[in-house]
């Protein structure tokens, strides 16, 4: 019954990529800890770049500077 | 001052149902632990079915299969 | 597959009370949203009163004042 | 590498205010704990007032009553 | 700057397994989304089995029944 | 009613420092968003360095290397 929450910035992640993240994390927990995929919950939160800060700045600002 | 976070898939939950969830959880904490409703915070997060995985799959895919 | 996280201060909550919280929340989600209890995850986090703030103060301090 | 999550109701917070929150929290962690701003992550979640409960009620309802 | 939170029950996970989880998740985000490992944060929360509920029951109880 | 969660590694943070973090964050939300300190919840989670990963490594390992 692991619960995994992945928070990333909302910058065009495709459904296919989300599929790979969910699959990859679920397999990792199965392989490392023997957890049952059927009760492994993975939730992906996509966050606006205005709402994500690093280095004291909004990611929106860093992206404008090419970071 | 309990903080309760309810994460569910975004599949048409009505405002009335959210009202019942908030009321129900707040009353439960009052009845079981004697917590003051006035400082009990309940936050409901609704997550796209593409962003929620179980059994290594996106819920969107499971819904297409009738699960 | 709902995921519910209950954060409360670490102030002697008994195993029986945790049982009631888990049961109560799971039944609430079944009754209000028709969710399957078998895939409803409830996690209770107990937080030291030094680590919980309200009104800009640690709960430890408020408890010493009888609040 | 601190991770700070700020959950607030979605009630018109401006980008400038988000900037100030990110800056303020990052500086606080630098000043109090000596944490490196470059690896301090701050995420702001804005939650619909229908999805936020206090006192067993949705904030939407409380706002209609002027609270 | 992804932030990944893995919540599992506290049932003897070794440091080596935690190492593999951290490495695996970080590589997955690098390979799928091109994220920089140096700013990928992974936090593992281990939760007492009394504090984790599934099917409306504490995991402690399910373990006693061999589940 | 803001809810702020601060996750840091468990490396000897003092009660006084936690007090300053709680006070600082609560004042920041009051000053920037006009939020009422009396209903601002701040929770500090301290995480073992074995359970915190950055750059694909456990912080325990990085600390042994002087990072």
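In order of appearance the chains are A, B, C, D, E and F, and numbering begins at 1 in each one.
Convention: a residue touches a chain if its C-beta (ideal position, glycine included) is under 8 Å from a C-beta of that chain, and two chains touch if they have at least 3 such contacts.
Treat the numbers as computed from the prediction; the structure is a model and nothing was measured.
A.B. asks: If I rank D-E and E-F by number of C-beta contact pairs, which comes first?
C.D. replies: Output for the comparison: E-F.
A.B. asks: By mean C-alpha position, what chain is farthest away from chain C?
C.D. replies: Between chain C and the rest, the longest centre separation is with A.
A.B. asks: State, to the nearest whole Å, the distance from the C-alpha centre of chain B to the C-alpha centre of chain D.
C.D. replies: That gives a centre separation of 20 Å.
A.B. asks: In whole angstrom, how far does the Cα centroid of chain A sit from the Cα centroid of chain C?
C.D. replies: Taking the mean C-alpha position of each chain, the two centres sit 25 Å apart.
A.B. asks: What positions in chain E touch 2 or more of the other chains?
C.D. replies: If we look for residues of chain E contacting two or more partner chains, we find 1, 3, 7, 21, 25, 39, 41, 43, 45, 52, 54.
A.B. asks: Using the contact rule from the top, write out all pairs of chains that touch.
C.D. replies: Applying the touch rule to all chain pairs gives A-B, A-C, A-D, A-E, B-C, B-D, B-F, C-E, C-F, D-E, D-F, E-F.
A.B. asks: Note which residues of chain C are touching chain A in the complex, please.
C.D. replies: Per the touch definition, chain C meets chain A at residues 1, 3, 39, 41, 43.
A.B. asks: Sort out for me which residues of chain D touch chain A in the complex.
C.D. replies: The touching residues are 15, 18-19, 21-23, 25-27, 37-46.
A.B. asks: For chain B, which residues are in contact with chain A within the complex?
C.D. replies: The contact residues of chain B facing chain A are 7, 45, 47, 50-58, 60-61.
A.B. asks: Which chain A residues qualify as touching chain E in the complex?
C.D. replies: Of all residues in chain A, those touching chain E are 1-9, 13, 17, 20-21, 24-25, 28-29, 32-33, 35, 39, 52, 54, 59.
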